[in-house]
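Some structures are shown below for you to check.
The same subunit A turns up in both complexes below, where it pairs with subunit B and then with subunit C.
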Partner chain A sequence: MMCRTDQQPEPHGAGEETSGAAFAALLEDSAEELYESAPCGYLSTLMDGTIAKINTTLLDWLGLEREAVVGRMRFTDLLTVGGKLYHETHFAPLLRMQGEISGIALEIKQADGGRIPVLVSSVVKRGGTGEPLLIRTTVFDARDRRAYEEELLRGRKVAEDARKQAEADRARLQDALAVLQHSLLPDSLPQVPGVETAAYYHTASPDRLGGDFYDVFPIDGKRFAFFLGDVCGKGPQAAALTSLTRYTLRAAALHDPDPVAALTTLNTVLHERYADGGDPRYCTAVFGTLEPDPVTGQVTVRLASGGHPPVLVLRADGTADFLRTPGGLLVGVLPEALFTPAGTALAPGDTLLLYTDGLTEARTGKDRTSLYGDDGLLAFATRHAGESPRAVVQALTGLLDSFGDGLDDDTALLAFGVPADLAT
Partner chain B sequence: MDVVRRNNVTVTGNPQGRTVVLAHGFGCDQNMWRLTVPALVRDYRVVLFDYVGAGRSDSTAFSEHRYSSLDGYAEDVVELCEALDLRDAVFVGHSVSAMIGVLAAGMAPERIGALVMVAPSPRYIDDDGYRGGFSAEDIDELLASLESNYLGWSAAMAPVIMGNAERPELGEELKNSFCATDPDMARVFARTTFLSDSRDDLKNVRVPTLVLECTQDVIAPREVGVFVHQTVPGSTLITLDATGHCPHLSSPEATNEAILQFLAGLR
Partner chain C sequence: MEIIGELDYSNAAELRDRLTTVALEPGQRLVLDLAGMDFCDSSGITALIAARNHAHAARADMALAAVPSHTLRVLHIVGLDQIFPLYPDSDAATRS
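The block that comes next holds the complex of A and B.
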């Protein structure tokens, strides 16, 4: 209460008469007057709901005459039909069980057909032996509050719908990206006679298209072509570049399987497509051919590299080394590019390993600068020299997993080898 | 599946007595029977439960699909009867539960041997030549009322309602939490309750049936009580001198007397 009499300052001095008069005016309110004109509705009902007493405030809200209400109407008659149902299924049982109920949102009907949202509280008055005598009810005008609550509910519903939509969109996008990503990699690798092949692809993020690629395919009766590379960037534009790169290399290889020629064709195509349009895009790639000799079991490897990390050769005797391709330029940057050829022969037990820089640039410490690096990879390869391509790729997969968060780029692995047991 | 836990089943009363199952209606939970149970416990074994979504039932068992028809609730009742291996039990159903009892008795006649319908209504919406008391728009209005009244429900209260003793900091119950119900589940029950039509099921009742109606019931008007009585073969109709939809709360003595008299006359 704002006007507790026991907290009134002592009247004094010149203001004495004025404040005394104001105080008297306050006291003039009789209890009856306070009841009738209170800023909330009051009503008392018998236990069966018949209205026994109701104040003027509530009658005014309802637009009803006292004579039409007292002894003639029940509390539920003041409510909308939905409110009646709610009253009978929730309000009345709870009031019976608890003896009181507070803050229930209902709507009262006005004589002119209007409705006022209200908050209703009731308490049961009991007689000397505890028997329920009547129900006292207060009714608060809740128009502004209800409008605000409805706004909140609407806002919540909008947010909920938006969240569901966003989740559905995200799922659909991921599906589409997965299909697209899948289309950029071979479904399965072809069977190359006398050669075991293994590949692995690590996607850094499920909702971003990776920029690494590889493929293996036959080019004539005795030779197979392979390539592995990394386009600049990520996402849909990188995927478009990957797609162009893959199909250009495939077509170029059928036309002329020489590795330098294939990369030169790719360079021309990418440069024409992107750099000429003022949007230079490039890739790094190793392209090569495998030619198994059915008599010796040896496989002749010819390859060329355009700015790509050097491939590794793991020998049956337990050694490993990079097959260097010095001077190779990024593919697609310059109109004329030079690519360096290289070659080797794989004997039984040897494995050729191609990889992208996700592997060598994986972070191995807390520090951003400590990377796995070429030396780490060479040491790892040496430890696994003599193992089959599948075993080497499996070991590298374990290595990639061990990097955890340190591996934040896509990584492609491709390995070829001549099985050791074929020669025995 | 643990039916006892799912439906928060309570068994009390005289283990040697005939079993009386008390089924609450829409809007509350087994607390509704607090004034009925004391009258029954001396001579009868009393089974109380909460429908899934109400009271302290296991809300993880809720399925919008299952509970979008009264059959889903009736199947729960049958499973409850099976779990307790009830035979020839008396099913006392308030409001919509009276119809759930009719369906359950049809599904498992050996388990339910008599029905007491407290303020039943087989259809709440008016139809050609039938007065249920409500229009479809009225039911929408009720659903809106549910929306604006959470009645003691809040996410923070859920562990208390589920009886999670490990979180005593949530021990302070809200004033209106007696019949606290998850509003989403209450909406499904409300729809199922007020939009279903069980009139045709009434004539298939094959067990002794007591129909209790009130003199003044907004939800189930007198015409409905008469309709139920006339449609259920061999049923008895008693009009209680009570107002409102919950005579077992507003006039417990008269309600209990009528139920006890019916129980005594069985067999």
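The block that comes next holds the complex of A and C.
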């Protein structure tokens, strides 16, 4: 057959003259053997696809006898249905157009019904005038490669599933944290007659439940209680401490609204709960009561502090000063603790401001080494004295934003004021 | 015992673990020298309180020496300056 003679490989001389002859002999000697037993399948077909020549390797893969194949079958007869289809729609047209095609993944059928994934490359051999004579095709066994690819795909799917699961877990955890965080702060503040109230909470990190808290609630027909504080630490344990603190103060205030008494009760509860475990937990807190006088419009403030930075009073006349509570101790540290009471009266246009030390401990300056500090806060408050609680809290919110990464702690703000326009 | 560098969330637990290994006899005084401490946050304060509790549990005493001004400011705000005996340096703290 013509194709058989065409198919004879050209003997190659090896580059080295000394061993060239030996190599040539070896190659020539084994050319037929190499063709038949090569580690890949070879076949040559006529232009209509009829198989003219096929090597032993491929016959073995197929499980077919040479006589059943050569001159009797076409290349596409070796392929699976999907392979046939792909051959007709892509492989053959591309081969006709380009004269060659390389590394196409197909599947061949075995006589016993099995199938082997293969990579197929074909070249059209042309005659002296350029007319197509036959198609030479190599077939590589891609079983290992397919298994490897499947392994990769499976690995990727496992990783993808794990990632999705982790994302879902994370979202659920974030939701739970948000709900918990929410339970530590009031949804909304009650209306205190004749008093405007404003609050703000800055969360330093959504992942770490904050340790700042505040609340405002009625005690009796005349008075309202408020508190604001900061528990030590962060995360779930701090949240549990915040929760205990918040509900203890609420219950204590109903029993005895005297500020020192309320903080003393909280101190007893926290010390009893945490001191013995070798893991001291405590908080700082300002607790107080508001008693509006419906006749004068003035609001009497009584408060006490346990280890908390002093509250600020911004007066309608444009002055501001700390309402100092020196010596008030951290709440929960000692079995017997002293808390310092203080009091003032808010007239129309006055505002009482409570804050946590995220504000005064914020780092300022180019290199973030200076503290914003009490003096900075007092100067800021003085500039805003005479403004409403909402305006003061809004200004402070802007100030907190301006700290950028210098503000690395949660910060709570709570302000009460007697509206100036009520007096006129 | 000297505390050098920053005492914060990241290492306060280590100090607390270390402190519990310090054996104290009744009547002795545990002195924490803070001269080399650059920074102390609320976790650091907790560690100082834990140190005091540890000393008191052994019927010993605890004092702070050479407290840096920034930490003294915080101790003052939280009222602990009345609770911890404070001394200008370790010698003064151990003598008295």
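General observations
Simple rule for what comes next: the second predicted complex is superposed on the first by the 333 of 424 C-alpha atoms of A that agree within 3 Å, B and C clash if a C-alpha of one lies under 4 Å from a C-alpha of the other, contacts with A are read in each partner's own complex, and residues count from 1 in each chain.
We adopt the following convention: a residue touches a chain if its C-beta (ideal position, glycine included) is under 8 Å from a C-beta of that chain, and two chains touch if they have at least 3 such contacts.
All figures in this text were calculated on a predicted structure; none of them were measured in a lab.
By the touch criterion defined above, A:80 lies against subunit B but remains apart from subunit C after alignment on the C-alpha atoms of chain A. After overlaying the two complexes on the shared chain, residue contacts for A:180 are found with neither subunit B nor subunit C.
Judged by the touch definition given at the top, the superposed model places A:307 against subunit C, while subunit B stays out of reach. Shared-chain residue A:204: touches no atom of subunit B or subunit C.
Shared-chain residue A:98: touches subunit B; no touch with subunit C. Counting residues of subunit A touched by each partner, subunit B versus subunit C, the larger count belongs to B.
Legend: residue contacts after superposition of the two complexes on their common chain; A:282 is shown touching subunit C, with no touch to subunit B. Look at A:88: by the touch rule set out above, it reaches subunit B but stays clear of subunit C. Put simply, subunit A uses no single residue to touch subunit B in one complex and subunit C in the other. On the subunit B side of its complex with subunit A, the touching residues are 25-28, 31-32, 34, 95, 134-135, 138-149, 151, 175-176, 178-179, 194, 216-219, 243-246, 249-250.
Contacts from subunit A toward subunit B in the complex involve residues 47-49, 74, 76, 80-90, 92-94, 96-98, 100-106, 146, 149, 153.
Chain contact summary for the complex, subunit C toward subunit A: residues 9, 20, 42-43, 45-46, 49-50, 53-54, 70, 77-80, 82-83. Listed in rising order, the residues of subunit A touching subunit C in the complex are 230, 232-234, 275, 278-282, 284, 306-309, 327-330, 333-334, 338, 357, 371.
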